[in-house]
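Two complexes follow with chain A in common, the first pairing it with chain B and the second with chain C.
And now, the complex of A and B:
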């Protein structure tokens, strides 16, 4: 009797302890994971999650005015209405589109073309060229701007003759004449960004097994066929990735139009891009709710693009599973 | 190395590039032409830093201004750059450089401390919300970091820390691309069996990270440090929003903006009140000096960059 009872209780007990052991191990692993993640999670909260949450909160507050500087409390969507109905709001997006429509196609053609050229040149020459194309990328931000101040000033530029031929005598005339800004921004962004992307897409090309090229050339493909029929279709995910990343980059343009305005003595629109408008709300207008609303608009756009990149580009396939 | 050479050889034969065909000549000519287009402006710009105001303003000094280089010009220009700031703040440019070094190095160290264990945990440990953390990391990685600057400004403003360097440093420490690099590094170099074996040996999870993963993470540490430092050093919008109010507390990226704003070329009224003259050679020299730390880390990280090319190549 007793043995029977012992026998019946013993087996499930052992099973329970085995399951319990697994659970304990699982718990130890989970606790270890979060311990190791904790510095990153803290930074993610401080520099990512909390500011977004707080911006959302601020954007739903009432805007203090000169008459009532301490005005606060829930203001509903007032701040969003302020941002959307601002006379510059639509214009800033139109400006971004006017840059993107020139820059993005040129950028993609340039990236793919140069990456294919580099890939068709194995050995020392190709490596040297790839390195040279990468150099302007090191001149990021303000350094790139100063370089372009030098190039855009007809008086001292090595391409001064070009500006004179177009009838421009000062850097102000070059930058602030109607219609010149989108091509100039295109040139600046192209020069700064192309090298890194050539390296990236070239990396994608290097990932294609050599057998594919061998098979194609046995079938009689020449270098053109190889590039057009084999290489470009195979690196389509990388091209899409480049297009989307650069598209997102376009929506947050700030430094170039902001500093070119300064170089042109204030002759450019002060709020040329959405980010500049948000900056203006925060720093010139002290309208924090509208600034928060504006930043959330740009955030949602780039987040949408980011979601497409992560889930649709096919480059982060491993992570999707 | 040998493998690489043999691949090159194969491709040569495959494409038939060994012969001087028209296509090959056209390709080499095109690539060389683009290279010249990329190099000339940079050479010309760096040359400006070594030329005189008169030479630059008159557009003399010959091809790309290379005929007007002299060390005396540099000494004069540097005296102007260093003299900027007026009586109380002479040499503020060096302070800005120091601030940039402080936030860039501090931010990079923080990025490494956060990214290496996080990347390891995401790559080799199983836990709930692992995928969520990974997706959030990828999303924040592909989004331009400027979109968060105004929310960050509001946050830092709320805690009353505008104009101080430490919030900038902490925010720069958040570097999701570094986590991704570290994640890929451990995915490709650390076999799961090794972790399992260490577990059977009775090591705790954190101990496994320090004793098994850390010793093989040099490559990842170098790459995270490099990319983070470069991103921090060239960051413009974040310091602009958080540090503009503190003249001495700026980083050099936004300090350059002050120099531009004080140049008689672009702002004669402000420049008239200054005892230094910041023309193009002085501005180019200041810019050139701000590039030197980038040059140093680039040379230091080069062998790691070459090895980790495909990994490093994912981020633009």
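And now, the complex of A and C:
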């Protein structure tokens, strides 16, 4: 009885309390989210947002160059005009595209194919293969380059016969002949990067519950159907993530062409990629605004393509599922 | 919903970014020319040297224990940008410069004397005594706007190198003109396939042939104007020479520093080359047996009365314009020591000293090894070659050597005609100069 009375009298109150509790919960949740995010946000500010803001600021300035020591003040879009009209500007992007167009599809097909193979070979054999794929990527950058210097030098290379068959007698001929650089960079980037990504995508495959595979098998799916119709659709976010990160890496290509140029006696263009051109603006031309403009151009492109991939792959896709 | 949230996050980030920009804004903008104020440490000096010059700094430390010195070893890559990068940061911070430096590339003197950096001090008056000990021709590249802005560590004029044994065995006559050199090179290559008479793949190749021809690639008109004219008869004579050699299969597309060059090096029968080629390339790197190679005087162009030759390197020492007082005095003492003291220049240095007073002692010491076919004749060719180097050639902000290696070398490696390689070089050299901000003219 009393409870009934209490019930009727307290009903609106209880409803209010429930709403209040939800609000409180939501507030705690929000606060928790921000707390968890805060270390990342600090990093993002220091290593991302503030440098980008600074680059934007610098790109709109005029600063002294070697030949014009008295430049100063607001420069408007001058730095962007300098960068866009540079005689190497379009070429650097064409160069990067010529590498990306071969490398990225190969990379994605390679990652997915190898991850599926590893996943389809459980037990010791699969683990061993996963480890073997990973080895080239585990070599540090410099060691990796030394390996490539050996491979690319017809005089020392284990694949010297291949280079001789193509008519190349020196390392300079190998890397500086017309059209050879994009496939070489592709090979370098491929072996360097694929192992890590096979491990990551394999991790994605391991996250798929076994029941799904069992159900598919009962329905008569063979290994091929399993890979094509079940595994690939389920790891789409991982594939998107791999494509995004590799694309971003490809656009920031700097070290590989820079070092290959040194082993080829300077026969490669010093400003082969957009980042190399930016480096030239900053340190050969003392034109920091133009260097900042170059970096923003690269940022806009990688960010743009990145956003497309994020939304198309459903990488943050809880809501879309 | 999701998109909206992303947009608002983006807007928040943009706001933060702009705030960040505003905060950091005060540090840039209108720094103008640097070097206004000079400082004095009270005596302690910091010097930057590339690895081969570390013994020079060590010798100074030993000879001058009273001077407190900090020796910093730097990246010595010729054509590298790390030193320039650090200086750009020092200029922005307005502190941190070394008090004296050995420039890894001779081209570095261009930015170090630019109006913006203005790092390299004018030595004309403060080191007049030391300067008088140099042949003015050897300091030609340091003479910028009629001021001496650097000192040469060593002189590196080209002499004419040839394989004396090969010439004697096969009865060839050593050429004395550039035109004869080209014809003979092609002749030898046809009679002895595989024998070569020059290298085109390194950054010194344009110095070896174009500078020797007095071809305007690097001529200063004024501080912001350069003369480049590869159609000039002085350039086309070098082009004709290289075309003859290239078509006659007498040239290697390797550069002298390439690892692959060590294989073809022993097949080199003759070539213009710096005085340091003898010990560094033939003896130490390519291990050509003693009693084989020999140098003679530089070649003469047909129709000219005097020999004309290029110059390959021969390092430069610079003094900071940002110091004064005791620190400056000590840095000057250091500069004087490294260019002129026998304990470095004679006992340890491998290059022909640029400073006149120590040249003969160095030659006497080097002759003792008796490496060459005719050691006496070889060393007699060295000193006179210095005054055969055309003086109009100055180092500029664009790097003629790297333009050469990235245009001519790949074109020749791909088997294109020398004409094509030359056009690519011409086009890129002009573009580089303009991209640096120079006004390019074809005649002075």
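The rule is short, and it goes like this: the second predicted complex is superposed on the first by the 248 of 321 C-alpha atoms of A that agree within 3 Å, B and C clash if a C-alpha of one lies under 4 Å from a C-alpha of the other, contacts with A are read in each partner's own complex, and residues count from 1 in each chain.
Here is the rule we go by: contacts are C-beta pairs under 8 Å (C-beta built on N, C-alpha and C of every residue); 3 or more make two chains touch, one makes a residue touch a chain.
Keep in mind it's a predicted model, so treat the numbers as computed, not measured.
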Chain B versus chain C as contact partner of A:267, first or second or both or neither: second
Touching partner for A:93 - first (chain B), second (chain C), both, neither: neither
First, second, both or neither for A:190, with chain B first and chain C second: neither
Partner chain(s) touched by A:155 [first = chain B, second = chain C, both, neither]: both
In the superposition, chain B vs chain C on chain A residues touched: B
Chain B versus chain C as contact partner of A:203, first or second or both or neither: first
Touching partner for A:84 - first (chain B), second (chain C), both, neither: neither
Partner chain(s) touched by A:54 [first = chain B, second = chain C, both, neither]: both
Which superposed partner A:279 touches (first chain B, second chain C, both, neither): both
Partner chain(s) touched by A:147 [first = chain B, second = chain C, both, neither]: first
Shared chain A contacts, counted only where both chain B and chain C touch the same residue: 50, 52, 54, 58, 153, 155, 262, 265, 279, 282-283, 288, 319
Partner chain B, residues of chain A touching it in the complex: 26, 28-37, 39-44, 46-48, 50-52, 54-55, 58, 114, 117-118, 120-123, 125, 129, 132-133, 135-136, 138-143, 146-147, 149-151, 153, 155-156, 158, 160, 191, 193, 195-197, 199-200, 202-203, 206-207, 210, 213-214, 217, 222-224, 226, 242, 244-246, 248-249, 251-252, 254-255, 259, 262-265, 275, 278-279, 282-283, 288, 291-292, 294-296, 298-299, 302-303, 305-307, 309-310, 315-316, 318-319
Touch list for chain A against partner chain C, complex: 45, 49-50, 52-54, 56-58, 61, 63-70, 72-73, 86-88, 153, 155, 169-173, 176-178, 261-262, 265-270, 279, 282-286, 288, 319
Touch list for chain C against partner chain A, complex: 1-2, 13, 16-22, 24-25, 28-33, 77, 79, 81, 84-85, 88, 110-111, 114-117, 201-203, 223-224, 253-255, 257-260, 263, 397, 401-402, 405-406, 409-410, 413-414, 431, 434-438
Of all residues in chain B, those that touch chain A in their complex: 7-8, 10-12, 14-17, 23, 27-28, 30-32, 34-35, 38-42, 44-45, 48, 56-57, 59, 64, 110, 113-115, 117-118, 120-122, 125-128, 130-131, 133-136, 138-140, 142-144, 146-155, 157-158, 170-171, 173-174, 176, 179, 187, 204-206, 208-209, 230, 234-237, 241, 253-254, 256-257, 260-261, 266-267, 280, 283-284, 287, 290-291, 294-295, 298, 309-310, 313-314, 316
